[in-house]
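Consider the two complexes below, in which chain A is the common component and chain B and chain C are the respective partners.
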Partner chain A sequence: MEPAEVEFLAEKELVTIVPNFSLDRIHLIGGDLGPFNPGLPVEVPVWLAINLKQRQKCRLIPPEWMDVGKLEEIRDQERKEDTFTPMPSPYYMELTKLLLNYASDNIPRADEIRTLVKDTWDTRMAKLRLSADSFVRQQEAHAKLDNLTLMEINTTGTFLTQALDHMYKLRTNLQPGEGSHSQDF
Partner chain B sequence: MSEAYFPVGPGLGMEENFLSLDDILMSQEKLPGRAESALPRLAVLVGQGASSAESVPEGSKLEIPLWLAKGLHDSKRRIISVELPKIYKEAWRTVFSADANVVDLHKMGPYYYGFGSQLLNFENPENPEIAQTILQTFVARFRRIMDSSQNAYNEDTSALVARLDELERALFQVGQKGLNDFQCWEKGQASQITASSLVQNYGKRKLTEVDG
Partner chain C sequence: MFVSDCRREFYDVIVTQRVLLLVASDVDALCACKILQALFQCDHVQYTLVPVAGWQELETAFLEHKDQFKYFVLINCGANVDLLEILQPEEDTYFFVCDSHRPINVVNVYNDTQIKLLVKQEDDLDVPAYDDIFRDEEEEEEEEDSENESGGSEPLEKRRRFEEEVIERTMKRRQRREWEARRREILFDYEQYEYHGTSSAMVMFDLAWIMSKDLNDMLWWAIVGLTDQWVQDKITQMKYVTDIGVLQRHVSRHNHRNEDEENSLSIDCMRIAFEYDLRLALYQHWSLYESLCNTCYTSASLKLWSVQGQKRLQEFLADMGLPLKQVKQKFNSMDMSLKENLREMIEESANKFGMKDLRVQTFSIHFGFKNKFSASDIVYATTSLMENIEKEGPETTNFIKALDSLSRGNLDKLHQGLDLAKKQLRAIQQTVASCICTNLVISQGPFLYCSLMEGTPDVKLFSKPVSLCLLSKYLLKSFVCSTKNKRCKLLPLVMAAPMDVEQGTVIMVGIPPETESSDKKNFFGRAFEKAAESTSSRTLHNHFQMSIIELKTEDRSKFLDALISLLS
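Here is the complex of A and B:
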């Protein structure tokens, strides 16, 4: 998958906006949205929120976790523990980027949030590399990785699966006689 | 998919992958061996004489490609016997177990893993040790490949891949693609539409055809 596709999936997440126009409930394939009334908060998918925001038809209310205090806590927790800690949203990276790019005027201390999320991401990637290395070094057959998000899996997934594929084949060579398998294609 | 075709990876085992370009290139790597019986009029085939009348005497040393060695090797008829290339021998195996990262596998290989796996076809008594060393080498070198491929962004990577075997290079490229795609997305370039590499290459090919 490409990062843009992951971002596309993230755009289905719901955020709260405060519209400044009124519109009846709209019926879409993915479900009904609205009704929109000026000044009344309503939950919409990110793609619609960004569209409305770009046309200056709404004010965006950032998700609860997109807050400097909460993110600092998450970052410190992530640094303290050896395993992956649960993230506030399975699309934290994508949402941060989308919302900060298009609605940074509605998010207080946007720059700090950007840095904090990036720090958390870097810590998690370093952890992922570390655990991948120890996984290969000990030649384990299976591992459990909880709380990884799609974007994280997407950046190292192909590399890791291919490396493990090679390792598996080299390991089958250790047992002579069984290693002869037929063509893959 | 930006690739013009779907490449088939190397077989990496006792069997080659028939459609893999890497395996085809690997199978013409030379292997030291010895003629166990006289091979009349075949000197041309094993690259030892100019005319087709010359024959290979029994016991002469040969340098034959892997595909030929696999075909001629037969434990019952004993046409040729195959020796290990020095990189798979005891002395080098000790080097690999000491520190696999220092070895220049591109110079020694460049198909170290694939070729080594193919050597297991020749019923050498050292086979288990060879298979073990190849696996251990991969495991030991994995960390460096992963780290360098995931951290080198916008850099000249030729120095990083210079000492890597072909298999490791392919792996490195995959890691680089993951990193580059992510960085591209983060900078917001992923939303820009670019020409497919297929179209770009097609344009190039047309130009060369005009030139030629």
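Here is the complex of A and C:
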């Protein structure tokens, strides 16, 4: 999967906005949205929120986990544990990037939030690399990793599967095959 | 007619239509265009943008597009001539004119249907009353008819009535002639002087504010539009200060969150700050020394074209305690200890050297860690991008590049503009210095005249109207400081520069005299027209400002003679 595809999936998450226009309920294939009344908060998917924000039609309210105190706790806990801790949202990285790019004026202390999320991401990626490395070295048959988000899986996914594939090929070629099947497809 | 409710009579009308935007080539128009484009993008209005540099281009663009559009928006063009006569539009086309040129043509003011003027009513417009200029032609015909209808009575009565009627008719004719004479006088007084009103960018920002769609970005463009009017000396100091006050209220409304430590904005967000800044051009992107040499105000007051002047500059720097090595390097690399109190230090020393207005009220913008620009920096950069003589494609690329450089995302274009602006300012100062040293500015009686020769370095830069105007204003200021002749100090200036060598044309600009409290009213527009008529010179009054014309080099001397006799 491309990172852009993962971001596309992330845009389906719901976020709260405060519109400044009024519109009746709209019926889309994925579900109903609205009604929109000026000044009243309403939940919409992120793709609509970003579009409305760019057209100056709403104000975004950051999700409740996007707060300096909470993110500091999450980061500290991630650093303490050896395994992966559960993240506040399965798309925390994409949402942070989207919201901070387009609506940083609606999010208080945006720079600190960006740094904290990046720190958490770096810690988790380091753990992932470590675990992949030990998996390959010890030639395990299977591994189980909890609490990984799609974006993180996506970064190592292709590499890991292809590397293991190569290793499997190399290993099977080492053993003298019964019936000397020398051509493996 | 004047539009009283901008939102209902202008924006709500065009929001559902396709619109043609005709934008003049100056920075104020560019800023107004940017604000309007931002509003259009939010509301998905379909529009076509056509940059126009003069009347001919306006007419061509109109003829090309008149079948497809019913609504035209003209920015910084079209208010000072009779639009209906020039364009000959159909009955159902509407023109919205947002122009800072004054005086507004009376036909545009009193036309009720097709021409709507987006102009603030507070500007003192002094439009003559309707009855003084227009008179119902039909009244007269009716009276004459009724005179002829009366028939069928005794011959004696008839003759008496006939005599009475003759007397009445002659009285009416005399009244009519008097009225026409008075009308000509009123129109002459009204249209004699050209000046500028509120910046179009500020009018557009007002529209956005009324609709509650104003943003910090739009506010910044309005500030740049106003600063452009000030840099080009188009408005009086009073008006500039008043408009700055108006904008300052908006700035504090949008930018008050910087004070609050708890919830301060991300560093990437754009902030505007009010500053009582130095009047030195581009000083934060240049070295302080270069900026002092190339800003008109300091160069003219210190008389930097002479050796004496250079010595005074060194004295000035020594008086402030700034070492030459520091002052000649890039401003950002100067010692922090020197930069901290720079403004106050310079102001104090400047007062000693006779430069009382070295500080001016202005705004600056700040986004990211590296980017801080003052409003006048942006004005100089955008002007030089727009009038870049290097042709890089079709004619409108310069305009589009300058328009793009106003967006925050196009910093590379802005930096290119700043480099071009530095070149332009240096060229202006060198040309001014050489003109004064070689006494090229001669008094012709009612005005001063200066003509740039073919082979002067950088003369190509001055074939564009805005650059030439800037050069002439700087030249006049420097001349006033250099001459001892009291009478010459109060004269206006006419400046000529070669425009196109192959076609043999010259561009000529007239600017009002330089006085302390001048009202910036320019009479050269009408004077040029009359002189051209009387000598039948081949002139082209293409520019939206009437005081800028092109003429053939051969006709130059007879045109000047006619101008001298007209004005003396």
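As a convention for this text, the second predicted complex is superposed on the first by the 174 of 185 C-alpha atoms of A that agree within 3 Å, B and C clash if a C-alpha of one lies under 4 Å from a C-alpha of the other, contacts with A are read in each partner's own complex, and residues count from 1 in each chain.
FYI, contacts are C-beta pairs under 8 Å (C-beta built on N, C-alpha and C of every residue); 3 or more make two chains touch, one makes a residue touch a chain.
Since we're looking at a predicted model, the values are computed, not measured.
*Asks:* In the superposed arrangement, which partner chain does A:P41 touch: chain B (first), chain C (second), both, or neither?
*Replies:* It touches nothing on chain B or chain C.
*Asks:* Is A:D133 contacted by the first partner chain B, the second partner chain C, both or neither?
*Replies:* First partner only, chain B.
*Asks:* Name the contact category of A:T156: first (chain B only), second (chain C only), both, or neither.
*Replies:* first
*Asks:* Tell me which touches more residues of chain A here: chain C or chain B.
*Replies:* The partner making contact with more of chain A's residues is B.
*Asks:* Taking the superposition on A as described, I'd like to know which of chain B and chain C A:P86 touches: first, second, both or neither.
*Replies:* The answer is neither, since A:P86 touches no partner chain.
*Asks:* Give one of first, second, both or neither to describe whether A:E2 is in contact with chain B, with chain C, with both, or with none.
*Replies:* After superposition on chain A, A:E2 lies in contact with chain B alone.
*Asks:* Intersection of chain A residues contacting chain B with those contacting chain C?
*Replies:* none
*Asks:* Provide the residue numbers of chain A that touch chain B in the complex, in ascending order.
*Replies:* 2-4, 7, 97, 101, 125, 129, 132-133, 136-137, 139, 151, 154-159, 162-163, 166-167, 169-174, 176, 179-185
*Asks:* Can you list the chain C residues touching chain A in their complex?
*Replies:* 41-43, 212-213, 215, 262-269
*Asks:* Where on chain A is chain C touching in the complex?
*Replies:* Contact set of chain A toward chain C: 20, 55-57, 100, 104-105, 107-111.
*Asks:* What part of chain B is in contact with chain A in the complex they form?
*Replies:* 8, 11-15, 17-19, 113, 117, 120, 127-128, 131-132, 134-135, 138-139, 142-143, 145-147, 149-150, 167, 170-171, 174-175, 177-179, 181-182, 184-186, 188, 190-191
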